[in-house]
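Have a look at this one.
Per-chain numbering from 1; labels A, B, C and D assigned in written order.
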Amino acid sequence: MTTKIAVLGAAGYTALELIKILLRHPEVEIVAVTDLHEGRPHVAMIHPSLAARLDLCVEKLSPAEVAARADCVFACLPHGVSASMVPHLLDGGARVVDFSADYRLNDPEVFAEWYNQKHADPDRLGKIPYGLPELFREQIRDAALVANPGCFPTSAVLPLVPLLKAGLIDSRGIVVDAKTGVSGAGRTPKLTTHYPECNESMAAYNLGRHRHTPEIDQILSTTTGKSVEVVFSPHLIPMDRGILTTTYSQPAGDVNEEKLLQTLRDFYAGEPFVRVVDHLPGTKDAAFTNFCDITARVVRNRVLTVSCVDNLIKGASGAAVQNFNLMFGYEETTAL
Amino acid sequence: MTTKIAVLGAAGYTALELIKILLRHPEVEIVAVTDLHEGRPHVAMIHPSLAARLDLCVEKLSPAEVAARADCVFACLPHGVSASMVPHLLDGGARVVDFSADYRLNDPEVFAEWYNQKHADPDRLGKIPYGLPELFREQIRDAALVANPGCFPTSAVLPLVPLLKAGLIDSRGIVVDAKTGVSGAGRTPKLTTHYPECNESMAAYNLGRHRHTPEIDQILSTTTGKSVEVVFSPHLIPMDRGILTTTYSQPAGDVNEEKLLQTLRDFYAGEPFVRVVDHLPGTKDAAFTNFCDITARVVRNRVLTVSCVDNLIKGASGAAVQNFNLMFGYEETTAL
Amino acid sequence: MTTKIAVLGAAGYTALELIKILLRHPEVEIVAVTDLHEGRPHVAMIHPSLAARLDLCVEKLSPAEVAARADCVFACLPHGVSASMVPHLLDGGARVVDFSADYRLNDPEVFAEWYNQKHADPDRLGKIPYGLPELFREQIRDAALVANPGCFPTSAVLPLVPLLKAGLIDSRGIVVDAKTGVSGAGRTPKLTTHYPECNESMAAYNLGRHRHTPEIDQILSTTTGKSVEVVFSPHLIPMDRGILTTTYSQPAGDVNEEKLLQTLRDFYAGEPFVRVVDHLPGTKDAAFTNFCDITARVVRNRVLTVSCVDNLIKGASGAAVQNFNLMFGYEETTAL
Amino acid sequence: MTTKIAVLGAAGYTALELIKILLRHPEVEIVAVTDLHEGRPHVAMIHPSLAARLDLCVEKLSPAEVAARADCVFACLPHGVSASMVPHLLDGGARVVDFSADYRLNDPEVFAEWYNQKHADPDRLGKIPYGLPELFREQIRDAALVANPGCFPTSAVLPLVPLLKAGLIDSRGIVVDAKTGVSGAGRTPKLTTHYPECNESMAAYNLGRHRHTPEIDQILSTTTGKSVEVVFSPHLIPMDRGILTTTYSQPAGDVNEEKLLQTLRDFYAGEPFVRVVDHLPGTKDAAFTNFCDITARVVRNRVLTVSCVDNLIKGASGAAVQNFNLMFGYEETTAL
């Protein structure tokens, strides 16, 4: 029996990647794609790459209409908008994978501080599983709503959690230097992502102010029981897709590279989408896949990790389908 | 004695490149830069690369105010706007290098047909030299106003004119297949030039409808005395700057590669900025320079030319300074 | 029952893409990958992106050893090498999809002229189907050996054949101006494909001398019954993957865009991997897919076609799997 | 009176950039370019961009022959090779700007440890000024030999020295996370710099083992009197040119952003090629210029600096000409 899918916010890159993955999924049917465009354009008018692959028109639909059609809703909506629609989708009986940040943070005050707005659905916060199956698989299976992680948090949390849990690194003073391709900035044209501006250039941005900071803090804190506050510095790199994250931490006690790598290997043994590698990975190795590649080094008594993900796949739409597979009882790797 | 310069439309890429070239010119002083920004921002707020290089604020000025300050005005304005300002600049005593298409075409009806607007200053058309010194050097020297060429026409006209004049190719049925970097599309963000859309992609655009078509036709026609109508097809290529133009024509009589190359070499002997080369040139050879590199081939009884320019330099701002040098009696190659 | 697969020449890009596609195929098992590396390295040592996806070592094997293990052999070998191995693979009972040019041309003298070597297996030439299912589907089904097409010929032949067959364009004087990403040049480092040389640059290469010329001529000639000789000019573009081919021909009789497009649509009705589109396609629309996107225009009484393929998928490994599916009775679109 | 220049190792990127800068210098004449090519090829055969700009052939010359012709020698040679030639150049009466690492480190044992070879000219070590005029201007003026800095050290040292000297940051535990364009890897084709490998990808490399590490340590130590050992991690980014370096340090005492920025501004007041900026700089701002752009931030009680240089200009050939200008008494900014 196929599962009926709706995709909200269909014009963006995460929706496009999601649809491409779902088209390979043998057990789903996409029954609705929504956006704010006027006049029900065919999806191929908005994403020419979907011509002859998905024969649907983009509609404006109410949450109730969506829930009436779909078993599972992927909400690729801006923060704030999601929290105003998700309750109605759940009320209508749909289960939801939410791509926005609205349900990732446990504390509405932290949300308000970083997103400059009051949360529209504060009572649910703290009860929604964070959609990183490597850490929260069991909670995800039964959830009606899953908060799909941010791309940077995925790349930062996966290498750090095992080392923190094993007591190999100090939870204080962790630096997360992340580099991302430009698709992470979304599909709305801006001067900073105008080709002749950002091509052949790189720059740091939002130093200390990026909204993924509290998300990284929260996952590192809740999974380790320590209060972690990272220094997070993202950089924009002239390429389409890929995040490479380099972290720097103080070792706790006696560590060496083999111990670090073995700890990571043990932690992720059996995980289908984490590859702990000896070499220094390049983002292209993981591009267009749901893999996160991780390695670790010791340099002058500092612990370094390097991790690579495709920001649109493991950092967004691939993770969403992985969560969906868990929620609906499919093989976790289906279509990925 | 230095020449006082004003740059109108300072926010775009051609103005930026122009300013960088003028900063190397020993005989000029930039006295005004204008744009539509509110509040007189420092030029480095708009172009960070100009920090510590040009200490001026961007102003809104009337043509009369500009002409009162400057000896020479470089007008980097949209079509239509130029023709409404240039007469006042000339009346005010300034000489003008105009980057727009407004004074390139001789016939106001052709202008109206391709630019969808009535020309604001039709009486001047046909009397303004086209700013390609290789073809119109003497007219440029004495001009009060010069029409700086389009980037594609420069790359198409320079290889074709000598072969047409020498009777080596047929004037009918010439195909001009041009490929351009993205800076040619200007600095206003649009979906087609949004990095994740155009990076790692290429596409043809405006086939048969590109506004540089009548400009190419006109120069080929007026310099050869024949009525030339080219098939012009531009393509957008994921790189910052550079145009590579491949032309295809029928030979007229008996031609071979050596004869083609020798004709080109003879025609451009002594020209400081045209390099006739034996190898197939790459756009990087001419990038960030005022050179146009040209070669020719015969393939299966068809004549091919390949030419490369930097669309922002020889295709725009470098040509403008070359014209300026001629107009004001400086060494033609100064600052180039 | 699964089909056992061997991949010869595993170190290159076409082999890598092929393996990625085959890993999604539910009915195959890759049983051998070969190359000239010493010491049986794991395939992930050569292609890090295959870590945790294919657990095989790269071996040196004789054709007989390969044929003993595999039902179908994909030979990603240089020209000349293929023709020396394929007969032994066939003798051993394997069926073969050959990526090289060795079995594409019908005439051993034409092969010798363009490839500067005597053909090692001339008696088979002319009897091997050309692996373009859109034109030769029935011959492919029963073949023991299929000649997988070159990337440029696929992009040139698919738009031109229907128009030639319908008598809408003249078979004489066709110009094929093709632009390709750099992966088409293979994986061996050379100065021309060294990043700082070819990035931010474009150039024509092998004008009139590219080895795909006789392949294009042959397919256009055999499918139309006319002797076609095209002017073929490839250009190297700074991007990973994608070919955009623009063709120029004389109309035969009275044509217009709608007639051209309708002819293409009719010809490819029901074809799973050809999309005839109204807009001007970009290569990114077809990237990482097996699609060929085609459109047509009339400009100043010249017929233009624009077509886009991913040179590594529809231009190589995707086509190979499409052929394999036909040969072994699987759904033609499986894994694609 | 012009100064006669020789460029050794002319085939590489630093030599090419150097020649382009020197061609704009009004007081120099390039009299010899050398390399190991056979047969005296014209320089335009090796660098097509120099056609019509420099009419010299590349020669094989002994140090004595070079010194007989040139007043100043720019040695763009591999490490080890420089130290075997420089003594003879100096003996011959030439002054030398050396691009290699051979004379940058004071201690021959440190050199041997990081470069895996015995130093060929150990007695000179410790007596040669490090060619960073912002720190060692007076020593450079009178030097017969200057050690031109590495590209990464320039980008790391310029932001850190003022903060260390002012006691605003702790000298222990400094992290230097650097990102470089691919031209930094030189002009010899390798798999890691093959376009389809490194395009659309990024990776860390030589973590803790990069040879610029001891150079950064030494300059930070000698200018501050403290023993500094940095954690240095370079990353390869898919772009031609540009280094962006992000550093992380512990504040020493009470710091804030304004104090950091003011300290940097005071330190570099009057420096022609350091721009201390409030915004986060992009590498494109400094590309093709001799500028180093610097800013600073405080994030969660950690001090961050971000600096940008063009690795081939301020990181190599521009710095070399700046040094040359100082050595020969020209205006320091000439041609830059």
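The rule we apply is simple: a residue touches a chain if its C-beta (ideal position, glycine included) is under 8 Å from a C-beta of that chain, and two chains touch if they have at least 3 such contacts.
The structure presented is a predicted model; accordingly, all values stated were derived computationally and were not measured.
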Comparing C-D with B-D, the busier interface by C-beta pairs is C-D
Per mean C-alpha coordinates, the chain lying farthest from subunit B is A
Per the C-alpha means, the centres of subunit C and subunit D lie apart by a whole-Å value of 46
Cα centroid separation, subunit B vs subunit D, in Å, comes to 36
Residues in subunit D with touches to at least two other chains are numbered 181, 197-200, 238-241, 281-282, 284-285, 287
The residues of subunit C that touch subunit D in their complex are 13, 181-183, 185, 187-191, 193-200, 238-241
The subunit C residues in contact with subunit B across the complex are 173, 175, 177, 179, 181, 197-205, 207-208, 229-233, 235, 237-242, 244, 246, 248, 280-285, 287, 297-300, 302, 304, 306, 308
Per the touch rule, the subunit D residues reaching subunit B in their complex are 24, 48-49, 51-52, 200, 275, 277, 279, 281-282, 284-289, 291, 293
